[in-house]
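Each of the next two complexes has chain A plus one other chain: chain B in the first, chain C in the second.
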Partner chain A sequence: MTGTEIALIGAALAVGLAGIGSAIGVGIVGQSAAGLVTEDPDKFGQTLLLQALPGTQGIYGLLAGFIIMQEVGIIGEQMLELTVPQGYAFLMAAIPIAIVGLVSGIYQGRVSASAVGLVAKRPEELGKGIVYAVMVETYAVLALLATIMLLFGIDV
Partner chain B sequence: MPIIDMRKVYLLGHRQEREKTFNLLQGLGTVQMLDVKSGAGWEEFQSYLEPDRPPEIVSQVDSRRSDIRYCLDFFQRYFPVKKSFIEQFTGARLVISPDQFADYVDSLDQADEVYDACRRIEDRLARLRNEDTQAHNLIAELEPWKNLDLPLEEVSGGSYISMGLYTIPLDNYPALIDELSDKISIYYLEEISSDNEFAYFYFAGLNEDRQEFADLFKAKTVSKVTFPDLTGTAAENIDLLQAKTEELQQERADVLGEIEKLLEQRPILMACFDYLDNEFKKHDAVSNLARTENSFLLEGWVPEPVVGDLEKAVNEKTETAVMVSREPEPEEKVPVLLHNKGPVDAYEVVTKLFSTPKRSEIDPTPHLAPFFFLFFGICLGDAGYGIILALLSVYMSRKLRVGDSGKQLLKLILLGGLSSLVFGILFGGYFGDLIAIPPLWFDPLEEPMQMLFYCFGIGLVQIYFGMGVQAYRNIKSGQPLSALYDQGFWFIFLNGLILMILPEFQAVGQWIAIGGGAGLILTQGRSQSGIIKKFFSGLLSLYNITGYLSDVLSYSRLLALGLATAVIATAINSMGDMVGGGIVGAVGMTLILLGGHLFNIIISTLSGYVHTSRLQYVEFFSKFFEGGGEPFKPFGKTSSYVDVMEAEEG
Partner chain C sequence: MLVDDTIYAYSVGRIRSLETRLLEQGRYDRMIDTSSGEEALKVLAETDYAAAVAELAGVHDFEQMLGAELKNTFDLVIGISPRPELISILALRYDVHNLKVLFKAKYLGVKSDLLIPVGTVELAGLEYAVNEDDYRDLPEKLRHAAEAIVEDFTVNRDPQVIDLTLDRVLYDQLISSARDKGSAFLEGLFARQIDLINLKSLVRVKRMGLDREFIKKVLLPHGLLATDRLISLIDEQLESMITAFSMSEYAGLVEEGVRDWLEKGTASRLEKLSDDYITNYLGQGKWKAFGPEPLVGFLWAREIEIKNIRLILVGKINKLPAGAIRERIRNAYI
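Now for the complex of A and B:
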């Protein structure tokens, strides 16, 4: 494999794994939200907000993938020929957001789903439900930070 | 003073003026009533006072209120009031003038008629639904026999022959045919139809063979189908039933039309509900009072600044009521009302989302306000997005009628937009890189490490500030030594450690850190007994350094979120670029840019808001603020369905 191809594996992992995490998380919240909305259709807006929360991991993954694509030159002027070590550097840089995005997306989905239950009984406490979910997201943000710093640190 | 002082108020008056006084208090909405019976002096009073009870009328009001609620829910079920996405958060209310409101409340008697009508209609609807289900079930049962030419009433037996309609699981059918032809000489069987599971057949046989049929049918799980009440063929009956369901549909439409006519009354019902709801609350609040034969006693909390107004109003509007007030006793649980001036007011939203402060605490709102403003701006960090947010907030506050906390939230968004505008200009973000204006300061995308250090720096400032607030509280409560031990030594220790990182201050830093650390070891175990325990818990307290470290590192999210906003915006711009030229390309590019940036604004604002809040709650509040106070809940008017416009002046 050429270095460029290895780098693209990194992009694929970042987008793919973090996206899976978000998809599962958003799915879990959607299920409980739909259950609540059968009882009380007016809660649609609030539950949609909660459902959106675990969606950010997918965006972070896409972001990392996008930076790799840009650095490698898939988007833009022309593809660079990377050396194999450079390719591995990109792959490794993508790993934090890929793994943490996958796992934190799922767990954030679970917390948000519980927050849907909270909103069912106490709609005025939506804010607290969001804060709980955001505690999980912290680690996705930190992983994204690590990924971005690593990507910016690679010389091509 | 952001936390308003409260005064305990006692109001004594003649029973005949009780309702008048309550109307006054409810209108003003400045008193939080307390249950006299659970007050401190009740045991003393008990000998000459007795608990007051709500007047008889209260149950009547309650039942009328629930009747109206029933009607409104009934309307809502068939003709829902549509709410926009925003109204799902703010609530959709009918806006009416005070005159209209009075008119509507006068027509309260109509509400009873509407209620009766709703009940009638609901019974009819239930009956229609029932008949409809029955008809559909019967159609489903008849469907397999559609091809049977024999009228159903003629499917019966005589002296020599018995006949009937039967169903059998498809798997058993061939076996049944075989065995029948083996065992019995004379019979008639005709398959009428079959589906995935069953075969349906007509069968006639001699009565003398009856026992054998019965055994065979039982063995093959054949079951008999009868339609005792029907005459004519199955097909005729199906047609009849279908005609009937159509009639039922028509009738249902007529009934819905009747509901639609009643809908005219909906505004009246809405107003009446709010009126009765407030009446109910007013009457119900009487249970907080104590009484003698001719007087009533009310106990409650009133914010200090309005005590004078309240007293004046009570004296002017009533003849007998007397009001006295006093400072709260130290052990009393006083409700907390926040009042912040100017832009700081908006940040009460953030504080309240966490918790109302306790009375003994400092209201953190003014302290978190500047940090919140800065952090949100760094997270969004785009001038274009900032302008859009600010405009959106201004537009919504013009357009929407929202309560106090809604206004605060809109103001928070406005301030966030302005902050984002400032940081957008500093960092050179205008819809990402759509408009190329060089940054006034530097571009975090180019120099992320520099930005990271600024984030840690500003985080450290906030953490020190939080420690400072706690130190101030300690000193003010007469514990200057606690301020030195718990905040001062940490401050010294942390600064020493930071200096140690910088090469030129390493030696100085080392000694400062050792000094601070020694101070901590000597003082942090002071609540323990015994010198050894004191020493070890002091030593162990140094472990808290990890807490401070992770607190500071946590501020790196400011950089991450800022970069995320900028990079997503850039990505949207490059996607827009990729669409080819020409008219189609231009349209495509516009769509991508509009949709993409809108999406980015929503997602980045949301995460900027929640992560900035988290920094306040977890990193900042942990230094000096616990919360858990009881918010001030005055006895006043509430509205569920209608907003009565303020009478316009001039």
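Now for the complex of A and C:
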């Protein structure tokens, strides 16, 4: 396998795993919200906000994937011929957001779904429910930060 | 499994909204403070019961309304549960209740107006089975129990066999179903309900002055309290029985409920405290975001609500003083 191919595996993992995490997370909240809205359609707006929260991991993964594609030259004029060690460096740089995106997306979904229950009982406390869910977001942001620093640190 | 319990996400979301419509203590108080059954119904009509109350021909028909409400609740919760078989276990209680009512009507001539249309077997099927002495179409366990009752009763003429046999079959079935489905939560619920029944039996048998042999027949197995220990208490004074439970989780309930029973000669306080105890155990469902607990908790909450409405309406129709009704009202789940 060439270095470029290995780097592209990194891009695929970042987009794929973080995207799976978000899909599961958003899916859980969506089910929970649908249950609430069945009984109380007025809560649609508030629950939609909660459902969107676990969606960010997928965006972070895509961002990391884009940076790799750009560095490698898939987007742009000319594709670079990377060495195998360079390729592995890109793959490793993608791991933080890939793994943390997957796991935090699922857990953020669980917290947001719990917040749907909170909104059912106390709609005025939506803000607190959002804060709980955003606490999980912190770690996805940290992972994205690590991934970006690693990516920009690689000499090509 | 990381995501397994999220199959409950939809149903819990829906339950959370339904919980907000449960009756609160204040509503019960207002119903109790009215001057008659009709007035109490008017207060009830301000809630989600409005449609049901509007269809009532008169205050004395409330049993039918409450039965229908309970059935609706069961149908709803079973309908939204991702594992309906787990919830249907809880309907078994009503099969057994209905069988008891039918057998007592047949053998003792007690009027059977308390049949509840909830359960895994259709009421018509149960009625046919008992009236025609033909139990072939009942589920196996119930069939065996029914046949055993008929056999025993025709020989001994002792009506207690009806309750004893059916309770035993019910709780055997509940515990083994909970274990089959791997639900420690439901097993914990049934074990506690068994304990509470056993405690009540123990005091009752003691008060009737019956012996060790009898209590052995009455106590149900599978409770958290060992039956051997309960049997050994039958020879103790009631005071030391109360002390014996002071280290168990039933300490407060035994202390207050049993004392009240001894003073007033009625078990109604103990029964209220027992229901409150179960409400408390099931209260864990209020905080769980995923899992069957909120569904089971909501079902219990509705059962308690219906029990409270019945207590109030019966009390109002019979002109009981407000205080007497109020002290029997179960705590609300919310």
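Simple rule for what comes next: the second predicted complex is superposed on the first by the 156 of 156 C-alpha atoms of A that agree within 3 Å, B and C clash if a C-alpha of one lies under 4 Å from a C-alpha of the other, contacts with A are read in each partner's own complex, and residues count from 1 in each chain.
Everything that follows uses one rule, which is that contacts are C-beta pairs under 8 Å (C-beta built on N, C-alpha and C of every residue); 3 or more make two chains touch, one makes a residue touch a chain.
Model, not experiment: these values are computed from the prediction.
In the superposed model, A:L82 lies in contact with neither chain B nor chain C.
Once the two complexes are overlaid on the shared chain, A:V72 sits clear of chain B and of chain C alike.
Residue contacts after overlaying the shared chain place A:A93 against neither chain B nor chain C.
By the touch criterion defined above, A:I20 reaches neither chain B nor chain C.
Residue by residue along chain A, chain B and chain C are tallied for touches, and B comes out ahead. In the superposed model, A:A7 makes contact with neither chain B nor chain C. When the two complexes are overlaid on their common chain A, residue A:G117 makes contact with chain C while staying clear of chain B. Chain A residues in contact with chain B (one complex) as well as with chain C (other complex) are 43. Within the complex, the chain B residues that touch chain A are 80, 83, 85-86, 88-89, 353-354, 448-449, 452, 554, 556-557, 559-561, 563-564, 567-568, 571, 574, 578, 603, 606-607, 610-611, 613-614, 617-618. Only residues 24, 28-29, 31-36, 38-40, 43, 106, 109-110, 113-114, 116-117, 120-121 of chain A touch chain C when the two sit together in their complex.
Chain C makes touch with chain A in their complex at residues 2-3, 6, 9-20, 80, 289-290.
Taken in their complex, chain A has these residues touching chain B: 41-46, 49, 52, 55-56, 59-60, 62-63, 66-67, 70, 75-76, 127-128, 130-131, 134-135, 137-138, 141-142, 144-145, 148-149, 152.
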